[in-house]
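Have a look at these structures, which come just after this line.
One chain, chain A, links the two complexes that follow: it is found with chain B in the first and with chain C in the second.
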Partner chain A sequence: MFAYGGKVLRINLSTGQITVKNLDEKLVRDYLGGRGFAARILYDELKPGLDPLGPDNKIVVASGPLSGLFVPGAGKITFAAKSPATNSYGDSNMGGMLAAEIKYAGYDVLIIEGKANRPSYIYINNDRVEIREAGQYWGQGAITTEKMLKDDLGDQFQMAVIGPAGENLIKFACISHDFGRQAGRTGIGAVMGSKNLKAIALRGSKSLKIANPKLLKTLTGDIITQCQKHPALKLWLNQGTASVTVWSNEQGSFPTRNFQSGYFEGYKNISGDVMLKETIVTNKACFGCPMACGKYARTKKNNRTYYVEGPEYETAAMIGGDCAIGNITDLTYANWLCDELGIDTISGGSVVAFAMECYEKGIITDKDTDGIKLKFGDIESFEKILRKIAYREGIGAILAEGVKIASEKFGQGSDKFAMQVKGLEISGYESRKAPAMMLAYMTCDIGAHHNRAWAITHDIAVGRDKIEGKAQRVIELQHIRPVFDMIGCCRLQWVELDLSLEYYPQALAAATGLNYSLDDLLKCSERVWNLSRLFLIRESKNFGRHVDYPPARFYEEKVKNGPTRDSIAKKQDIDKLLDEYYRLRGWDENGKPTPAKLKELGLL
Partner chain B sequence: MYLTADWKKCTGCRLCLSVCCLCHFDEANPKKAALAIDAKFPEPGTFHPRVCDQCGTCASVCPVEAISRNKDGVYIIDSEKCTGCGACVEACPLKVMFIHEDSIVPIKCDLCKECIPVCSTRVLSIKE
Partner chain C sequence: MKIKLGGYGILKNYVGPPENAREIELPQAKSLKDILQEMGIPDGMVMLISVNDEQKNLDYVPQEGDEIKLVPPVSGG
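So, the complex of A and B:
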């Protein structure tokens, strides 16, 4: 099999059994790789209703056919499991070097089952696979652990590690890699922790065969030249996603003080320009990426120097805006704290912002917080509450469950401003005046995540109040994204450098010899999208369109200030968007795929 | 003529390694490339490419004279003559000759220049 590693490695941490099987050709045909593999394997292998943090849950780590090849941005890997945040299918996509390395070790997929009886890590050096003791690493921060593992095993190993938050089963614990890349969303880090699995250390030195190497070289060579000539490249090289901060504030879409506003008055102090002047040390790329959006930075606080990759836009939005941490030193430090503790900066920011608002409104008091005076903009109380969360101390144990469950515990109407859908905190776009973006959050299969369909640019392009046509565009985007997640590539060359989508089926054919048209690939995407919907239906006690509703703040409260001031979503528009979305998808009025649609996709 | 690298611009993307392997072996494998990148993280957070400066040490230590200088001043390994003793790899002052389990012949820069244009930050260039 060209371009694929060709093997599935299965590790059972309970029994210690390690098995290697050939990749199933039918799985390849219908699901391609990466997220497609993950969704199918988890749907088939997970017993409905299981505890996401129990030994029956499984973690699937999957590369795509183009990962590790001479293809721009071919460094993306999927981590997936039943999510402790949403109790449904969850995954998180991560850049860095791991996607490539796992294939050089000969594997496309790693399936981790069971639970180790003591802290462990998985050691993979090509064909040599071992479950090793991790006593010396357990309890250490994620950045610290990765460095310790590199010192112990060698620089050629690539790591996926969790921090204390993962060990302590925080439902928004992330998986960290390459000193700044994270599989941040849906709490897969907690699933690792529940399995007593501190890390995966991996090295591969095998070659991947290419079906038509000359053609792949020419195709990619041309595409890279095109990327280099694009006028936006310079901004991306210099600032990465942080360049979005200014734009987002100008659009009034920057979540601020727990989404009370879409504009943060202090945004100029946390922008990409400020990072460029004050903190950036190195432009850091994932495997094969000409854009290098990772901004490796350094800051000094309390007489100590901290190194961290970021803040990325999402961190600037969810900690900078949403917790109102308005200077670059504090924000960079907050980013480091999250990375070392192993907390997703998106959900982490949202949870702290929620707690700050609850404290401000008197819903929680000093008695609940053990005297921590939570205040928007205050890095000290941010740090104190974040540490309580990571170690599940006091109120931290409640907040560690995410804003949905925390708001159920706190009551007093706090659910209205618990900014989540399906249990996953909304990421960095205020959407009351962006119906397509709001619909993207509402219908996202893993909960409210922006980049399954980054639709806000469509709202801006065609008119922000317009409802018509928005569902159609959201669906198109929801089908483009899985193509990238399945083939193992980053979408940003397409989004930001206008790289043609037609390149990908061509590169796929040159690399693998498999002939798919772009439409064929999009059909695979639709299959994956419907499959994760089936997963959600299977796991929901009381399934209905209510699962796709945004938090009440979006339709009961106006945006407080900035360019989108006074805007609010209308309930009838929300229903109109959903009706249109379901109809176009071939789903019934409750959001269930119809038998005809499932048949068409080969899912019935 | 030889390859030179401005390490301060390197983003660690490894496109140079990928294209090197693809051009010489028709495969994907950055560990089969004639250059390498050292990543120094978490501190100081910098990348350090290692490239061959055609110093000729490899040729001078080769016991079977398998490495010779061509008209451009580039040292080329004759894979027929090479016995895989590893003396050149050992002696290479910049550690830019590489051994991979697929072959006994070390991998060395032949100055094909394919790595230069794929780098979007223009780390690599030719020195006369």
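So, the complex of A and C:
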């Protein structure tokens, strides 16, 4: 099998059993890799109804066929499990060096089962695989742990680690790697913590066989040329994703004060330009990437210097705007705090913003917060509450469950402004005047995440109030973008540097010898989308179209200020969007895939 | 005065790709903002403007022979 490592490594932390099996060719044919492998394996192997934080849950770490090859952007890996945030299929995609390393160790997939009886880490050095004691790392921050492991094992090892948030089962705990890359969403870090698994340390030094190396080299040369001549490359090299902060505010789509507004008055103080002047030390690229969108930054706080990768746009939106942390020093420090504690900055920002609004409205008081006076824009109270969350202290134990469950506990109508769908906090785009983006959040298979269908430019292009045709575009994007998560490649070269999608089936064929058209790849992606929907249906006690509804704030409250001031989504439009979306997907009126659709996709 | 206008991503639909840029005749000098507005390109669709490989903003008034490339917003991660 060309380009694949060809092996599945299975580690049972309860029994200590370690097995290696050949990668199944049918799995390759129908699911390609990455997220495709993860969804199929978890759907087949997980018993319905299991506790996501119990020993029966499994973590799948899956690279793609292009991961680790010399195709620009081929440094992506998927972490997946039953999510503690959504109780359904959850995955998160991470850049860095790990995807390449796992392939060089000879594996495409790592399946982690059971629960270790004490803090442990998995050591993989090619064929040598061990479960090792991790007592010395347990309790340490994620950045600190990675440094300790590098000191102990050597720089050539690549790590995936959790911080205290993962150890303490915070439902939005992330997995960290390469001092700033995270598998942030859906709480897979908490699943690692539930297994007493502090880290995975990987070293690979094998080579991969490529079907047509000459052709792949030519294609790679073309891709690099295409990327280099794009005028936006300089912007990416200078500012990375932070370059979108100004634009997002100008469009009124920057979540502010827990999505009360789409415009943050302090946005110019946290923009990419300010980062460039004040905090960025150097660029940081994932494996083989010419874009180097990671911005390694330095800030000083309380007479100490902190280094962190970021803030990315999403962090600027969800901590900068949503918690109103309006200066770059505080924002960079908040980013470092989240990274060290092992908290997803998107959900973490949303949860703190929710708590700040609850405090402002008197739903929670000093008595609940142990005297912390939660206030939008206040970094001190942000830090105090974040630490309480990471260690599940006092009210932190409730907030650690995410805004959905916290709002159920707090009551008093707080569910209306708990900004989540399916249990996952909404990421960085205010969407009351962006129906396609709102639908993308509503229907995203892992909960409200932007990366499956970043549709806001479509809203702007065809009309922000228009409803017709939006579902079609969301579905197209939901099929295109996850293809990248399946082949193990970053989507940014396509979406930001306008690289033709046609390069990817060509690169895949040159690497693997597998001849897929772009339509074939999109069909695989649709198969995975429907499979993750079946997972959700299987896990839902009361499944129905209500699971795809946005929070009431979107259709009961107007945007407070900025360019989208007074915008509000209409409930009949939400239903219209869903009706159209279900119909085009071949799902019934309650959002269940029809037998005909499942048959068409080979799922029945 | 003639200029060439090309776009990336979704902007290709309005002005064609840079390698097949649209040639536009301007009877009088006007800002890029006005030109894009007259072409029906919605506000917010252009995030970066490259004129002869130099970054400019919407207030720029094109000169004879300018080769202008329009880039849509980035996706923010």
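Heads up, the rule we're going with is that the second predicted complex is superposed on the first by the 604 of 604 C-alpha atoms of A that agree within 3 Å, B and C clash if a C-alpha of one lies under 4 Å from a C-alpha of the other, contacts with A are read in each partner's own complex, and residues count from 1 in each chain.
In this text, a residue touches a chain if its C-beta (ideal position, glycine included) is under 8 Å from a C-beta of that chain, and two chains touch if they have at least 3 such contacts.
Note that the structure is a prediction, hence the values are computed from the model and not measured.
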Contacts of A:Asp498 with chain B and chain C, given as first, second, both or neither: second
First (chain B), second (chain C), both or neither touched by A:Thr457: second
First, second, both or neither for A:Gly68, with chain B first and chain C second: first
Which of chain B and chain C A:Ile143 touches, first, second, both or neither: first
Which of chain B and chain C A:Ser207 touches, first, second, both or neither: first
Partner chain in contact with A:Ile270 - chain B first, chain C second, else both or neither: neither
Which superposed partner A:Leu374 touches (first chain B, second chain C, both, neither): neither
Which of chain B and chain C A:Pro290 touches, first, second, both or neither: first
Between chain B and chain C, more extensive residue contact with chain A: B
Doubly contacted residues of chain A, that is, touched by chain B and again by chain C: none
Residue ranges of chain A in contact with chain B within the complex: 3, 68-70, 72, 97, 100, 104, 143, 146-147, 155, 178-179, 205-210, 213, 216-217, 221, 224-225, 227-228, 233, 237, 281-292, 294, 296, 298, 307
Complex interface listing, chain A residues touching chain C: 230-232, 234-236, 241, 243-244, 247-248, 250-251, 312-314, 317, 428-429, 450-451, 454, 457-458, 460-461, 463, 492, 495-498
Chain A-touching residues of chain B, taken from the complex the two chains share: 11-15, 18-19, 21-23, 25-32, 38-39, 41-47, 100-102, 117-118, 120-121
Chain A-facing residues of chain C, complex: 8-10, 13, 42-45, 47-48, 50, 53, 55, 69, 71-77
